[in-house]
């Protein structure tokens, strides 16, 4: 049983039970972003969360151990074609140097960690059309000198 | 006088005057992200803000008209090498499909606009090491049917 | 049942019933371009149109829910090889900067949306050989300042 | 004197005289798209139009012969990064197979020529926000059998 | 039944019957290049030629309708590795700019069509070793002005 | 003095003297394709032809030795963007496997040489529009067994 | 039965019979390099050698006709990753321009044929560690003038 | 003074003095391949050979220290376009797996070093046309186990 | 039975027996890095170690001969996407030129062998968070002169 | 004054003074790897080290402020061609998945930081030829759950 198998099981169970990612996340006490990411095989669950996931969706027991294995993260398209994901890529292209400059101004020479990191998505009502809000937070890591 | 020329003038004036992006942004009444982005030639300033920029930094008058021209946005590296920018690219690779799934769950089939869009960066104090917070907000655009 | 499965079912049903895309589109009250695009899995149908599609072509009921799922848009060739599609790519290469300059002249710094967007194709009789006419219309989106 | 030199002269003369592409095109009796495209060195002008262009903008006489030379069309980015041009590329990716299918349905096995071709851009007022309209027309060319 | 299926059937029938492409082409009254190209799924046959092909090789009737469908032309290698095909690619690299210059000199700004096009291959006896002769002919298309 | 320098001199001399490639080729007793190719630095001239070229165009004497140096053939675009050259590339993609199959049928396992090779271009009058004719001839080389 | 099938049969028969490439080559009276290359489907055997191969390894009769078909040579990695093959690629990168310069010095403007070509590999004993010796020989082909 | 500067000086001095690479190599007591490779900046000369080179060609003294610096080896084209170098690349593609298999058969799991390596080129007279002979020899390196 | 088959068997046996790579390595008397690398099919085991591996994990006898075959090393991503492996790639990009300069300073013009090479990984306790230590050692190879 | 300017000044001063990287590093009290990396513009120096560097090499005062600016790290070759750097890239390809597996076994799901990171190079005497030793140490970062 591979991570791909478990992803397929989760998608199928979710569809049959009429669940949402928000709902699944709530039932295991974690955020929807992290929960979906683990379901896609892009992150690993600690044992208790994997157990909760298996119970919430009625998956076979072996799925829990698969959900807690360290994943190998692979994406096939260096430049993503899906418009919804491409817009994020475009933001990195357009605003990447700006984000870098302001991190350097506020912290010094370093980066925002993509490992010690979290991400939230919210729908923000707006009179001219609702907005997507994405909040990222990552630990600042400064370059070593030795 | 090209956008590149004006970028060079701004960087030089900023260094000599010992200014920060936060400070420059404040002096023209805009956000630091947007201000830096215009200074890099990645966005266009409305005429009054271009005027304010030219005054704040003591640039030649022609620079104002250049700052308000529509830019052609070019980045040379499909996969950025700078570690600070690469981490953002990696986040798109790892969390892109998750962001897409949650936008679909919350809104329907569509995207977060990267044009009707804004972005803020904050330093968040944290006992185990301060964190970088990035907040993006873009208008939701749903696919047309016709 | 995946989007690929439904595409195959539609192509097969269309062939057996001797239908055209124009005909299928008319039977569900939508345009041929949008109808074909949904059939290829590149767009999502609202529930009522998906129902109409399933009825018009005698597809199994599950196909309706698949037709209304948000698609992930993927194309494998950064530069398309098929001559009919390549000519469109070439037009973007040759006339892209011109289209950009005229949008800026007519509207300001912004883009034509590819989401709030529609497209029509017509055969135009011409004495020296009939012509293909492609009409695109997309909402203008101006860049935000913040 | 190269095509690049003439492009630079035209851009500079246009800026100093406060002209628009619409205005320049009208003064030589051609469309703005074609006029801009020749100015960018992507198309060649017949001798009389090149003369008119040189007069309208006060360019040196040699520029006329350069404007009428056959250009070599080069674009450096297989996938364009500028958001305004990328949206056109995305449209080819998403709707390319659909356009191909409908050309085949309406005409037979063949293509829309990108040489015997013209293109127009209009601003269409709309209560929810004005729209960009792009109209393309190209001769249908059917594949030979021999 | 796909174009790939029909290609496989043709190759197998040709081998078992000990036929040549010259022979098959003659039996349907077309050229070997065009016949092979249709057999590979790179061109579409008019209905009568598809019928003749099916008869000549004893293929199932459905193959005729597949042979007359408009193909999607795909090649996977931007730079071909097979030495026999690479030499053609190299000729385009080395002599492409020359062919372009001479077309411009003889015709004006335009191209040789690859659609309204035909191609023949002959073996030319030569005392120092026989030669391959390739003759291409395509309609000249001049660029539009509008 | 490099090959690029000599190419520039030739283009300039040709323009000032109002010559054509046909005319230059005739004056040195060679074909226009080969002559243009040497002028572009893609082939080397034997000493006597280089002398004739230098005389015909009034180039400095050193140019003759440069014209007879062995060139390094470089093209920057794996897939050419210029439409006139791209059509040739497309022909290799679409008809390459067919040309290969027919060379194998007529000769055996081998290739058409691109070195012991010549190429001619003619304008062929045609009532529905004149045609470009390209004739290539290369020595057949069969694979060695050892 | 494809070339891939025959390659697999040969590898399996070789393993079971405990043969070496040297031994197989000797039994059909050819060199090990050429024999291995045909076994991999990268070269074609004349009928008698294909018969000898089939006998030597106890392959089914159809394999002989497959071994003598003209192959399509494909390699998937433009830059090979296997270290043993990469070293050869590196040699082309580092010494390619040198080999070219010396061929030009010794022969004139032309190439070493990779078709009328042979290659041998030997183990050369050496006190500081044995060495691999690779000897290539290909016919010189000079560029045509016409 | 860079390696590029010294390469240019060497090429110019060689041309003016009418020397050959064979001759230069002989005058410093090394092989032509290695000598040319150092002249191109692809290898470093020991101090005495660099001195001999400087004397033989009348270069400024500083050139000697540049010739003995460790070079950074860069080639810009992953797939070389020059036909003479491409043929070598093609040989790696076609015969690479064969060379690997025979090294494994003769030595075990390992490679031919491209560092402890030498290469010679000879013209071999042949009645059907002279041949280029390339001899490479590199130390066998077996993989470590630890 | 291929290297991929044996890798799958090893992963499955390891999971069922609850073993670690450290443990497996110890049981065959080799390092964990080398042992894992052979298990992944990236290195070949000498016969006795392959036998020990087969015994330690209860694999079928044929697996031993497969483990000792010379592997073809393939990686599909020129730039790895997995964050754990990407960081190593980034280190090569950032510190590669530095490592090269210091090897040249300490040894002369040459390289660190990746064949006569070993690698160890250790966990180093640290009060601010434990550290990963990677130690590589490879034989220095100096460039030949000939 | 850019980072490139300062790199050039440092290389020139180092050559004229006959210094080594070891020596320069010692004089500013840092490691040779880090010192060289800052000199190449790949890392930033704290103010005191930049001052020490400027003094040690007699650079102009402005160089100190440049040395302490946050760099943008760029490398142009996704796959490095220089053999000394390529070997490091090859090690990542061959041993990357192994290093990842052992980090997961020793620590859990996470990475070795390339920011909170140091690197040392030593020459290790060995009777069969001296060896290059590279030691890397980076902080382990475990993936967040939220």
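By written order: A, B, C, D, E, F, G, H, I and J. Residues from 1 in each chain.
We take it that contacts are C-beta pairs under 8 Å (C-beta built on N, C-alpha and C of every residue); 3 or more make two chains touch, one makes a residue touch a chain.
These figures come from a predicted structure and were not determined experimentally.
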item: Shared interface partners, meaning chains that touch chain D and chain H; value: E, F
item: Comparison of A-J and G-J by number of C-beta pairs in contact, larger one; value: A-J
item: Equivalent interface to B-D, taken from E-H, G-I or A-J so that over half of the residue contact pairs match; value: G-I
item: Cα superposition angle of chain G on its copy chain I, in degrees to the nearest 5; value: 70
item: Centroid-based (C-alpha) most distant chain relative to chain B; value: G
item: Rounded Å distance between chain I and chain J, as computed from the means of their C-alpha atoms; value: 23
item: Distance between the centres, which are taken as Cα means, of chain F and chain D, whole angstrom; value: 30
item: For chain D, residues contacting two or more additional chains; value: 33, 72-73, 75, 78-79, 81-83, 90, 93-94, 97, 100, 104, 110-111, 113-115, 117
item: Pairwise chain contacts under the document criterion; value: A-B, A-C, A-D, A-I, A-J, B-C, B-D, B-I, B-J, C-D, C-E, C-F, D-E, D-F, E-F, E-G, E-H, F-G, F-H, G-H, G-I, G-J, H-I, H-J, I-J
item: Touching residues on chain G, where the partner in the complex is chain J; value: 79, 81, 83, 86, 90, 93-94
item: Complex contact set, residues of chain I against chain G; value: 72-75, 78, 114-115
item: Residues of chain E touching chain F in the complex; value: 20-22, 32-33, 36-37, 40, 42-43, 73, 75, 78-80, 82-85, 87-107, 110-114, 117, 119, 121, 123-124, 126, 128-141
item: Partner chain H, residues of chain J touching it in the complex; value: 77, 79, 81-83
item: Of all residues in chain D, those that touch chain E in their complex; value: 30-31, 33-34, 43-46, 49, 70-72, 97, 100, 104, 108-111, 113, 115-118, 141-146
